[in-house]
Amino acid sequence: MTSTAPPDTITRVVAIAEQRSRRRRLRPRRLLLGLAGVITILAIWELVSRTGTVDPTYLPPATEVLARFGVNATLTGFWIAIGQTVASWALGMLLAFALAVPLGIVIGLSPFLRKLTRSTVEFLRPIPSVGLIPLAVLMLGVPLQQSLLIITYGAFWQIFMQVLYGVADVDTVAMSTARSYGFTWWQRVRDVVFPTMLPYLVTGVRLAAAVALILAVTAELVIGTPGLGQQIAASRDAGLYASTYALVLATGALGVVINLGVRAAERRLLSWHQSVRGEGA
Amino acid sequence: MPPENIVVAGHGRTLPPEQTLLSVRGLKKVYETDGGPIEAVRDLTFDLGRNELTCLVGPSGSGKTTLLKCIAGLLEPTAGEVVLDGRRVTGPPKKMAVVFQEYGRSLFPWLRVADNVELPLKNAGVPKTKRAELVAEALDSVGLSHVPRSYPWQLSGGMQQRVAIARAIAYQPEVLLMDEPFAAVDAQTRADLEDLVRSIRERLGVTVLFVTHDIDESVYLGSRVIILSSSPTVIQEDLVIDLPDQRDQLETRALPRFTELRHHVYEQIQLAKRGFRPDEARVG
Amino acid sequence: MRGTLKAIAFTLGLPIALIAIWYVATLGATSIFVPKPVPLVAEFFETWIGDRLLTDVVPSLSRFALGTGVAIALGVLVGLLVGLSRGVRAFTEPVFEFFRAVPPPVLIPVLGLLIGVDDSMKITVIALGAIWPVLLNTIEGVRATDSVQTETSRSYGIHGFNRVRYQILPSAAPQILAGVRQSLPIGIILMVISEMFFSSSGLGFSIIQFQRRFAVPEMWSGILVLGLIGFAVSMLFQVVERRILRWYHGLKDLENAS
Amino acid sequence: SSGSPSGAPAESDPAASAPADGELTPITVGILTIAPSAAVQYGVDHGIFEEHGLDVTLQEAQGGAAMLPAVSTGQIDFGVGNPLSVLVAASQGVDMRVASGYSFSLAEGEDINAVVTRVGEGVESWSDLEGKKVSVNAVNTQGDLTIKGSVEMEGGDPGAVEFIEIAFPDALAQLDSGNVDAVWIPEPFLGAALAAPDKYSVVGYPNQNALPGLPTMVTFTSGQLAEEDPELVETWRGAISDVLEQVNADREGFGEAIASLTGMPEAAAMDLRLERLSGELDPQLLVDLSALAAKHGFVSTEPDLDTVIIP
Amino acid sequence: MPPENIVVAGHGRTLPPEQTLLSVRGLKKVYETDGGPIEAVRDLTFDLGRNELTCLVGPSGSGKTTLLKCIAGLLEPTAGEVVLDGRRVTGPPKKMAVVFQEYGRSLFPWLRVADNVELPLKNAGVPKTKRAELVAEALDSVGLSHVPRSYPWQLSGGMQQRVAIARAIAYQPEVLLMDEPFAAVDAQTRADLEDLVRSIRERLGVTVLFVTHDIDESVYLGSRVIILSSSPTVIQEDLVIDLPDQRDQLETRALPRFTELRHHVYEQIQLAKRGFRPDEARVG
């Protein structure tokens, strides 16, 4: 515990704070670069299809799919499907978050609980959510609940593991400081563990958000819960390739939007943190 | 030394219970590492009186930080015990503040300077207006009233260290443990802070244990200097500083007795560094 | 000796308690869809110890190993490149986010077209899914390297590949390994999913077959196999992690426990 | 505008509970999103079930695996799915009952599913499939069962055919790229293949060949419901037979229903070649199916068909 | 002051090019922060001669660390320039070693002590046997030959600091920048290390720029002391230390000239802390 600073906490938070103030200035350039990345990929796709490297029947060119995507955007059914997917995604995430964060902190802070739960956690974690479908169908009548179980199960582990790692990364001197000032358990969690863990948690939420979206769509594909996945399955079965890809594109776009949201929430979260404290002083 | 205090070679002074605030008895700390155990502290016994300001000096690596952490209840001693106000210390006691040697890591980088100072008060349930007052006062006393809204990593080393000191002062502890708290500040600031610590002791009745490498400082500050041997550590000498209670940066330091005392401490540390050990000396 | 006993007690304690609860809870159940512990274990030995081990489990595992291996190597490599350059990060982020959000079941047909339907497609699916935790964590870990350490490296003329090797990688290692740890179970999950398509053998394929044939105990025993594989992989990983991060655990273990 | 990208209804509208004279019995019916299932949708849309006193809620499922457990626990009252799954489930001890017939592959002429290969691949007869890679949508179902049956009938070794799972929409693509040697596909993919005779050739119609007139879908329910409420089962049989009869008479209306359920373009739905639809079921067909399944190891023990088929 | 050196109020001494190793010209550094710009260094101009040992003192937060980082090519100056050996510094120059104020964070926690010291040598392609020799020698000279296999975080603060010093020494640089390198070590060790730095300068011909808060140290160590004003920083005084070149911890410090000089420095720092600024003084 005497020591050199590890590559962690303090520096990590500092690095992130520094990045943040830099990021603000570079916004337009970032956006342009991001756009360039997207256009590059679309161009490659277009080429692969137009030149017949892949049979255009099964992989229609990007422009065609984009056109289809544009048509979709005018359909109410498309937006309803998106709404349904997003609703089950959001509910699943909320559940996973509400379960994973407190559990992760409590278990992460107690070496006893950590050791006690490790084998069970490692056993349960790799069980594919998809394998739970029969169980879900059996236990829960409503399709929404079935997909919720699958989504929550999948997203839970992402957040939970990141929280465990984040808690383990708390700086020893910072923790000693808190203890020496007589912080209660709860105060230590709130004032030391939580801020340290935040960068880990945010990565965890980003990972979980993607996993939850994947599972929401997969559940719709497999169980037939209404939503984007069901639409994909239906157009695939009907042999409508352009439409299928347009829907896949929509799924990916939804993922990008969700990530942007999480990013914005991340900024809000930290600035909330700082501004509230700031007013207090 | 006053006759009521019993001193054994290799041990510090012990006091009758009614005068004692903190007593350390047979303290031993061995770090278990992959490369075998490291005996940082072998056997320390001494008492701190109420409202005393005691300095702790010793060669680098002699276990001063280790001792402080044991007293603060942050490290479990391998043997022996620390008793505070009649109760054995097992975890961090209330109303004790520690200024860590690693000041940089001890500040929370996600909080601004004022918030760092305020946090312990907030957690202790001090009301808001009182808190604001204490924070402003503490920052002012360390000369940082102009940067309350900066983040710690935007400050220079010395400024960071002063934030840590301000946090400890604002907390208004009964016991204050300071681990080389002035290592990163300039000479003038150092002098000011020395006087600040002295005045806080007087004003608030705090008991202070102060680790320093500056020999002048150790003699100037307190009423006692405990000199540690090199590792594995025992007490080399427990020296009473018989300078007048009223001290002044210029006058006190100019006293012949001051020079004598600092010379004595310096020699002891040289001895310690060369590996002299009072326990073995006794046997040999 | 006592240490070992204690470790065993910790490892087995909670599972045994959970199995006991499971046993009691399913005592009266009659539906064939409800798995029971005792028949499950019997089924486990009957189903998996024998031919299947060679025809299904071993090929699946080797695909898993290859896929996650590729994911880890690529994730760290790309993560370093992206993490070290703000421009590249901005360029790639939306594209990464897009592919991350596309469910593998809908990507698989495209990959089938591009790569074919043999093992290399399945390995690609596994790698594509398992790369994200490693990649994201590497990027974040690289971004967050200590500024004083970086200044130290720079002032001693440590740059380029040497800086990556001596400073960036070790300092990001805790976070990279957190990513690897996340990616391992995802690899297992994708091993199963990839065998749901264009497939005729493998662990995941068998489980789906059991499920379709209503061979419920066999199906659950397959899920048990997955769990056990996950457990074994994670134990293996922990040994590796302990070695690589010896300094980190020494640094953190001493006092965080509180 | 309204509508959805796949053309399918965004939500499966529960039948409007018309203020009929008698009390309507609410039931949930599980269907797959494939063309023949649209008949049930047609029945709902045209109020045929209501005439029989049934208030039908549709639940779409993506496969028998998801539907059968729900039927067995009573969350779905009647399912429309393939008979082999029902037989397999029954042989595993799941109490499933076949309530009525639904759709049948054609006993003669061009069947609605076929094994297709590339022209010039050298696969001309069933026995040529030996040592080849053949795709089916799912192994251990009617596709590979009847293909194996056909190969055996021609004296070939059914064990030498290698089956691989490829979803119907991807099958032709994989055939094109040479990843498989033959594919088993139904309509509408079969129609697409037949439209390019210079590219694809038909090896044969396995359903028709192995078990002429094989039921491709039946309706089924749980043993519990069959025993507790035989009247409901009776009503259901009457209703579904009526629905299928009316569908057969109204090809245009059925086409619309198919387009709306599957999202196919309406023109394609109109041209789609369909199975024979009928509520009547000849038990002998299931007996033969069961025997073939047992022969090729698809079921370990033959189920007791006297119980499984509700007389 | 020697007549050939031109000194302007608010500027340090400049030298003719042939004697100069490092020259700082009109250096200004403004940190951009969310809360507005912070002008850390306003205008610094001075030259370091070859093989000179120059000390830098100034109030806490006056920009010493900032200046060092600009010289080391780690920070981009807002205005002005740093020229080393005739070449403008834009990135970290070769053969320059820096001992950082944040010694703890500057060591790599994943490397053992000896490996930390060895790394820059390895990176520079020094052959293995030569490396082992240099590492052992450097560790020995800072008194740490007994802990080569420990991790940095298993050491006390002072020991960590000495590892950082050993790393710089083993690297055999031509220019050595040290930012309060002895802040965490005890008095005796400090004295030893001071003599070590002096002997290295003589032996290896290194040019040293040494930041310290210890006024005695600044006078004892070098041939020049640059005193910085408080922030925003200019040079308050560039003082030549006209003590005999042969120094000795006891004798030199006992010289009357030594006492005079340290008194002078102390007063200048007091002035600086009170906000006196030579540039304004000139105008006013």
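Letters A, B, C, D and E name the chains as they come in the text, with residue numbers starting at 1 for each one.
Everything that follows uses one rule, which is that a residue touches a chain if its C-beta (ideal position, glycine included) is under 8 Å from a C-beta of that chain, and two chains touch if they have at least 3 such contacts.
Model, not experiment: these values are computed from the prediction.
The minimum number of touch steps separating chain A from chain C is 1. Highest C-beta contact pair count among chain pairs: A-C.
If each chain is reduced to the centroid of its CA atoms, chain B and chain D end up 84 Å from each other. With centres defined as mean CA coordinates, chain D is found 38 Å away from chain A. If you average the Cα atoms of chain A and of chain B, the two centres end up 48 Å apart. For chain B, the set of residues that touch two or more other chains comprises 33, 65, 74-75, 101-102, 104-105, 149. Annotation for chain C: residues touching 2 or more other chains are 31, 33, 109, 113, 146, 148-149, 170-171, 196, 211, 216, 248, 250-251, 255. In chain D, 65, 69, 73, 167, 169-170, 173, 177 are the positions where the chain touches two or more neighbouring chains simultaneously. Of all residues in chain D, those touching chain C in their complex are 64-65, 68-69, 72-73, 85, 88-89, 92-94, 138-141, 162-167, 169-170, 173-174, 177, 179-180.
Chain D makes touch with chain A in their complex at residues 1-12, 33-34, 59-63, 65-66, 69-70, 73, 75, 167-170, 173, 176-177, 188-189, 192, 262-265.
By the touch criterion stated above, chain C contacts chain E in their complex at residues 146, 148-149, 151-152, 154-158, 162, 166-167, 170-171, 173, 247-248, 250-251. Against chain A, in their complex, chain C makes its touches with residues 7, 10-15, 18, 31, 33-34, 86-87, 90-95, 97-107, 109-110, 113-114, 132-133, 136-137, 140, 143-149, 170-172, 174-175, 178, 181-182, 184-186, 188-189, 192-193, 196, 204, 207, 211, 216, 219, 223, 226-231, 233-235, 248, 251-252, 254-258.
Residues of chain E touching chain B in their complex: 31, 33, 35, 38, 57-65, 101-102, 104-105, 149-150, 154-159, 162, 180, 183-190, 213-215, 266, 269-270, 273.
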